[in-house]
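Take a look at the structures listed below.
Two complexes, one shared chain (chain A), two partners (chain B, chain C).
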Partner chain A sequence: MQYQTRRSIPTLLTTIGALAFLFVPLFIVILFSFHATDALTPPFEGVSLRWYREVLADDAVRDGLFTSLRVAVLTAVTTLIFGTAAAYGVSRTAGRAGAAYATLFLLPIAMPGLILGVALLSFFSNRSISLSTLTVVIAHTVFVAPVFFIVARTALDRIDEAQLEAAADLGATPGYRFRKVILPQVLPVLLAGAAMAFVISFDEFIVTFFVIGNESTLPLVIFSRLRRTIDPSINAISSLLLFLNLALWLAALLYSLRLEARRRRDALAQVQG
Partner chain B sequence: MAPTNEAEHKAFAKTQLSIQHLTHRYGDDEVLSDINLDVTEGEFITFLGPSGCGKTTTLRAIAGFITPTEGRVLLDGDDITDLPAHKRPVNMVFQQSTLFPHLDVGQNVAFGLEVAKVPKAEREKRVREALSLVKLEGFERRRATQLSGGQRQRVNLARAIVNRPKVLLLDEPLSALDLKIRLDLEVELRRVHRELGATFIYVTHDQREALALSDRIAVFNQGRIEQLDKAEVLYREPNSQFAASFVGDANVFAIDIASIGDATVTTTDGLELPLITDQAAVGPHWLVVRPEDVRFDTDTAGVEATVMDAAFRGASVTYRAECSALGASIKAEIPDEIPGTTIGRQVQVSWSGQRARLLPRQV
Partner chain C sequence: MDRRRLGLGGLLRHPLTVATPSVLVMLAFFFAPVVITVVYSFLTGELFQVSRPITLGNYESALTLDVNRTMALNSVIIGVIVATVTVAVGMPVAYWLHFSAGRWATPVISLVVASMFAGYLVRIYAWRTVLGTNGVINSGLSGSGLIDEPLGFLIFSRAAVTIAELHLMLPFAIVMLYAAIRPIRLDHLEAAEDLGSSPSIRWRRLILPLMAAPMASAWMFIFIVSSSDFVTPQFLGGLDGQLIGTQINRYFRESGDYGKGAALAVLMIVFYTVLYLLIQGGLRMAKLNRIEWD
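Moving on to the complex of A and B:
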């Protein structure tokens, strides 16, 4: 049974208030990114694309964007590789040892970004590893790996051990079993996990701030710009990021809905035998 | 049959699979105790036993999914006890369907051939043959989820036989199916066995299936093989009370023999029972009588009993009568309904003394 709140005026007002609190700032940011003047507050005085033009022509923004993209892609790839290996290892380790490993891999999720940033910075300087986009990729991988790990394990655990025994029985080596039985069944989920890693890495700020070298990722560029001038170019960047994010999530959502529909159909067919 | 034939057969036929002193423990729990078995090339052997008696565990030791605590598994004389599953020329049909959900029927069946790098043309040919062997021609492009339970089980079978294994292990492949499909598939299995010439090891807890399919049956009980014999021998000459009551229907009476007559024995209670055997001895015994050997008469002499139930079985009628003298109820399977044997009627029970079997009984 579903729990239902009574519909009353106070509940309605609270709901509207909360939604407004969430969405009005977003709306204002987007609206003023199209502002013709450099004012950031009402009244709104005409539409123009000048801020988008300015932002896209700005070298710092463009460099930041490319750095961010590079970091996010590398993070997604390393997370995909290491996260899958970890999740596979744990899902095939029976009993208490498996549970212990799983806890270890998940632990970083409980760590605030601030502490992770400080810890990694002191680790890197301790080892005299010079800060660069590479250290950012390492930091981001540590940061997003637990999330990916959860996603990957759910998918891997769904594969019946008996299927792997059947494959072994048919002569498949462990490597062949992984490539031809496990991977095809979990790849969509792993890719969705990698997309998640990409998105998280792309707009990560705190950890990045600690471990970046001379370059800047896009969030850092925005931050330093904010400290210099405040004009609608910031709104334009933010809106662009928002659209990019929305597009990615939407694609992921549609994709997973399609997968779910297929699974339902298969399950139904199985029941009907 | 003549014992010389049997000996000759043994001398010429090659032992293919040999299980020696197989013992397996999970923690302190001993699930297999000293299993010994020699299987001849091309033989159809059935493991028969109640749930949890170790049939699957034995198959898993042969297939290579467990390393037994003790004992050896030999294939064609080579010790394969420590060989991993993927290196054994043995294929298994599992108790549950294990088709790969991401592949279609054709790809499922071709899996083992692809692993073995069989060229595409031959692969396709063999997949077609295997599918036609299980009567599923033209099902290549179907998904596993678009099959009925019986079809799925047949694809599992095709996926195993397509590799032409030396030994095929079948773990209750028919248990999930209804009787009609089972009977059909039993016939198909026997045909496949004849056509392939491979050794089959078949697991079931259905004694009817075991009797219908096998060359020899190994009766399992609590991790041991109670008896290993041809179906007819097992049925006619069970050597334990367990084997007698597990294979086929049986009346098993606990009797105490006081004296031995010509074609009868007399119990300490003074009952005279038909029995012709050279092994009769004074003392406590189990007397095993198959239901189809039991006769009910209203006039001739026998053991007094009261008819409690009559069930029409199509080809025969199964009666159950309560016999206070033997302290047991007696089952009789009789080809035709006996006139006048209504429920509650007194009858005289007798049986063929030749067919009755005497087994030692501990007290």
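Moving on to the complex of A and C:
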């Protein structure tokens, strides 16, 4: 931080309270995922990995996991392609046309998942498109592409117009300029955005619930178990999901910290050199 | 773009041409579904199909059925409570992160984001473990002899839904408000301090006006997401704690009356839009919509 900070006890206490509120329930889920008995309530009677073994041997969970991974990868890829193209076009176009495009692309962000889900369900049924993981990928792309667009446009807007003009004067075609001037500068942000799309898609339940066919993503597997019984294996699935998401997110965080450090080093080198 | 070169070739190379397929995809899979939902809301629905004649009956039943009214009211009450509380808690947290956390800011905001990634269903489920009849709170209380029978109102109630929604939404409030508070510099606070203002005056006259627009956005976002939830009520709401999403879900997934479901969905969109315009109008009237600093 570049400036002096100041102490503020009330806001500090609020922060501590907020963190406790956010994390205590999650710790309880993790704790009971290691429970030796099938009781889901205190007292805690010994540690065991039996629920994890059970879950990992469970075909429904494994199928759900693979379906989720497939959907999330496809969503990340389609989001990357469509979102980047939209953000590139809008950030290189001044004036009303660009703004109109941006509004069209951003509007789904204001739509609650429930309404997007039922609207897409109506649409697919009206067009006689049968529900499958493909319809889920379409739905997820509509859901996350606007978020990706915001991230990508911010990065693309920072590109120095003079560099592009210099490249153009030296005879670079638009495609060449995009590959050699723009892409190297924004690629890390675009990949981070795609990772974000992956994570959102992987966890998405509400929209998926309406547009999925016979297969189940992992959240749908959890949902159907939650509905049926109180089952200690849910703690283990939940914890696994939590660890997986945390690992993904931690990787993304470390990556962005490294990028930040490199940018600072480069800036420093520029000043000195 | 250089106007002289804008022939057919120029048009093909125009950046917006690159963006056009993406926008067409959005038009096909976002705007077309919304249009179809609006059309469906005027048709007669039956067994996952709709047919003519055109009718206003869906809207009539949407607005007059008691169950819809109760659930809509629950949605508004819970949405208002959740949005207000999370923004009210998110503000001091954002303040602390920005003005006093120093090197702790990054780890703490990372933790907040991490809790979001714990998963939507996992977090709802966690509250079932905590609030359930044999849950952590009830076992704790009876174990320590404070109560004889489990507190039944903890779960399957509006209170349970509200608590879980607070948990789901608080990270959004913190992240959005923290992003918005970052342009405010400590100088502003110190200038106000040098001029002899008390802390409460600095909140009221400096921070809250500067943060009014982002607070309103966060409030609106959280209101929309929490009041339209149907999954949390399903697991924690019992009979009394159902929100309007429950009813939409029933029409679309259980009874297959797409017409009635679509009418409710359209009414929700209209309601959210009107609320948004009212809030924006209020901000503009109070001249809080576009405050500039520096």
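In this text, the second predicted complex is superposed on the first by the 249 of 273 C-alpha atoms of A that agree within 3 Å, B and C clash if a C-alpha of one lies under 4 Å from a C-alpha of the other, contacts with A are read in each partner's own complex, and residues count from 1 in each chain.
In this text, a contact is a pair of C-beta atoms (placed from the backbone, for glycine too) under 8 Å apart; a residue touches a chain by one contact, two chains touch by 3 or more.
Given the structure is predicted, the values throughout are model-derived calculations rather than measurements.
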item: Chain B versus chain C as contact partner of A:L241, first or second or both or neither; value: second
item: First, second, both or neither for A:A162, with chain B first and chain C second; value: first
item: Broader residue contact with chain A after superposition on the shared chain, chain B or chain C; value: C
item: Touched partner set for A:S224, first chain B, second chain C, both or neither; value: neither
item: Touching partner for A:Y176 - first (chain B), second (chain C), both, neither; value: first
item: Chain B versus chain C as contact partner of A:S48, first or second or both or neither; value: neither
item: Contacts of A:S256 with chain B and chain C, given as first, second, both or neither; value: neither
item: First (chain B), second (chain C), both or neither touched by A:T103; value: neither
item: Contacts of A:S130 with chain B and chain C, given as first, second, both or neither; value: neither
item: Residues on chain A lying within both footprints (that of chain B and that of chain C); value: none
item: Chain A - residues contacting chain B, complex; value: 160, 162-163, 165-173, 176, 180-181, 184-185, 266-267, 269-270, 273
item: For the chain A and chain C complex, residues of the former touching the latter; value: 1, 3-8, 10-12, 14-15, 17-19, 21-26, 28-29, 32, 40-43, 82-83, 85-93, 97-98, 101, 104-105, 107-108, 110-116, 118-123, 125-126, 138-139, 141-142, 145, 174, 199, 203-206, 209-210, 219, 222-223, 226-227, 234-235, 238, 241-242, 245-246, 248-249, 253
item: Touch list for chain B against partner chain A, complex; value: 63-65, 84-87, 90-92, 94, 96, 98, 100-102, 111-112, 115-116, 143, 145-149, 159-160, 163
item: List of chain C residues in touch with chain A within their complex; value: 1, 13-23, 25-27, 29-30, 32-34, 36-37, 40, 48-49, 89, 92-93, 95-97, 99-103, 105, 108, 110-115, 117-130, 132, 134-136, 139-140, 143, 166-167, 170-171, 174, 185-186, 189, 224-225, 228-231, 234-235, 245, 248-249, 252-253, 258, 261-262, 265, 268-269, 272, 276
